[in-house]
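Labels A, B, C and D are assigned to the chains in the order they are written; within every chain, residues are numbered from 1.
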């Protein structure tokens, strides 16, 4: 069964700013969609959703039918409804994969899942970025031709990147202007996985670069839930009777639970 | 300089339920306070705060003057104001230590910092718990007389405990009724540390047990920020000019940032 | 392409001890082989190798042709040649998966890869073990019918298990006699992955239990290198010239490297 | 009680190569000793030991009396006796702290504790290094004046650095020539801690730089065992009788353990 991918994007810069429209005339989401299709091929079915659709294109049905959600946002994080952000986070904990791109570091669902502020340093100077592989053998690096992805012009993101220590660190970036950044990170939350991947400033054509597209497609595969795994239990059940015998059974005072 | 500790507790069970009042007549917070003072001695100055005080006893000034906050809550998590919960989480990211006890697994600040639902299984059956040390040499185990703390009667908490993989796992519990639990866990969030420690159901006298008190006091010491460390940066600054020279300086289109 | 699996086993207990021969008349390795074939089906090609074959059945060619090696040993760890143990460890760092079973915690290749002593507590009392899933959604849990595998009679292994903190903790065991154990752990070493799974004392029929077999087959799949990933670099090259320009080029005093 | 520190160094470059003798006329070890004394003051008692002393200056008595060992080696890793390397690794597992510096990445005790090959890339080009703090609030960063230590001329070390994922990542380096490196890492092994810190090529005066000395002194403090912690158990005991009752007691066939 193919992985059902929903590519979510703000899709506002492209409509408002000529500099962005020139780079992504049909929207960042459609370029990401084509990249995932190019490099994950028959393994995926990809649709898109954007901020200004009803429910941001993320109805309960869409979320239920999504195995992996990718997220690009920048200028309008605040316009994402809290209720939708909570639903996305909840769906991840229940097993949906999430791929967060670039300025999505400040997206509401990402912050909800991290528990940190997700701050960083930044600079728009069209400088060179080198993304070094620090985890050879990792599925997210499949098909890369070398241990370094070079992007000639990108926005800089610098440490300290305010995230929980990643469960897996896959790329570290070098920037021409002197900074470094943990630019490929994976975390588990509940039964779901989150992959953050740094490149993709809206004024640069990073999402047309084959190796960037390949990593995103690999990331989609990696965070997709595999097989019929042991399910996440979304609740805190009272386990009585116990599976093993207990000597001193306590008579619970039910009044304690009438809050 | 001593560690300034604030012991926070709901302090409602003790006033409403006779079964709890019998065990903790002056409130759980005061027993925790005495335990921390007993085992951390001159290293700490401890005060208390409770839910029904103004601002839950956690004014901006109190938070600013607190190096380590301990948290016990159970029946009234929902009554903690979201604003205060956010302030506590923010203060942790800025370096305050947090020790979360027992049913505090569902406390708002803990959930905000974890990014998960923090679900678990439970059973009130006065059963035996054994907390095994899985990290010998860890400062939180200082002074323990053996590698196992035995509590004759406790509430059971069982896996799956829905938390991010802990940065450090220190105790794993065995329960008479057949379950296990990761009962001593540490995470870093921003510049602050969080220690979760399982024991402490309100109807059992666990907080009078010397080894439990000792671990809580050790936990307070461990999550306290030590020395004049490199500070947390609470923001995302634009770094211009760069610290190293950049060949192709990009002229930023300022209109992109007028949202 | 199928995963090429080599199932390695000491195969001495079965020949020397009637109690073991009764449980595993054709050897533990053949029962493991059939379990992996049963639950990983067409995805694997499985062969076996044992201690008393030439080179312990692990010639350079066999190792080169192995994607995943599983290891069971107990009474004769010391008879494994250091040279072979080093080759196995090296092959793991270069990308081979390794599944270490039960008393393999003391196997030479496992200790070489862990860097610890791998001590534990033990007791042979035919007691009940419950392996609880602490990582729902993990591929190694695929197909399990519940969040607990119950084994009626096993040897006990107890904490502290002297291993590096696992990169992933998947199972924690409860034992009837009062102990707990981190019984399903994954680590990365170089480009390879190691999965340790606890059950399998030679006098108990644990490797006939469907859920145990299933987990081992899942583990084989999980540690198999997926796709054409970024390769491990087995060496420390001198990188001249640099990929980016350097202002002050240092003339290296070559005499420093004539040791 | 002060931390008893032993600063170990090869002390051969300084005697053989004029370029090194000019920078470290009394030996690297004495400069490290003075740095630790300068920044850890009354908290430490520091002695030195070198390769060409009997037992490399690391007799059983010296190791037993050492709380923290620091290690610098480069040209003569192979001359360190395997027996001594094993003793050092064993002492770490039993609780001694270890601070490994620069080319010590290939030191025998470090490799024994890591379980990996510890490969990296390198280049001697007197290029600029920037060590960025990625873990604000960490005790190892205490007293640093900014989030970046700048070294004007250093040897380059580049990724992939072949180490197990560190338990804590504290510094990441940027190099003028285009590489990055995880340059401050902590691991736990048994009851002991290991801190790897990158700077310190023998032809550059890095160990005179105040911020480098400060980090090393902080590292010494951090890996020192604190308080009377729960001890490491160096063995695998048979636990009979069990701490909890077992229904079906198995009569162990003792013949199985006569190997």
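One rule holds in what follows: a residue touches a chain if its C-beta (ideal position, glycine included) is under 8 Å from a C-beta of that chain, and two chains touch if they have at least 3 such contacts.
What you are looking at is a predicted structure, and each value in this text was computed from that prediction instead of being measured.
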Overlaying chain A on chain C by their Cα positions calls for a rotation, in degrees to the nearest 5, of 180
For the copies chain C and chain D, the interface residues, called same if over half of the numbers are used by both and different if under half, are same
Whole-Å distance, C-alpha centre of chain B to that of chain D, is 31
Here the gap between chain A and chain B, centre to centre from mean Cα coordinates and rounded to Å, is 28
Chain C touches at least 2 other chains through residues 128, 130, 133, 135-136, 147, 158, 160, 165, 167-168, 176, 178-179, 188, 190, 232-233, 243-244
Per the touch rule above, chain C residues touching chain A in the complex are 95, 128, 130, 133, 135-139, 141-144, 147-148, 167-168, 176, 188, 190-193, 225-233, 243-244
Within the complex, chain D is touched by chain C residues 13, 17, 19-20, 75-76, 89-90, 93, 106, 112-117, 119-128, 153, 156, 158, 160, 162, 164-165, 167, 176-179, 187-190, 202-203, 232-240, 242-250, 252-253, 255-257, 259
In the complex, chain D touches chain A at residues 130, 132-136, 147, 158-161, 165, 168-169, 172-175, 178-180, 182
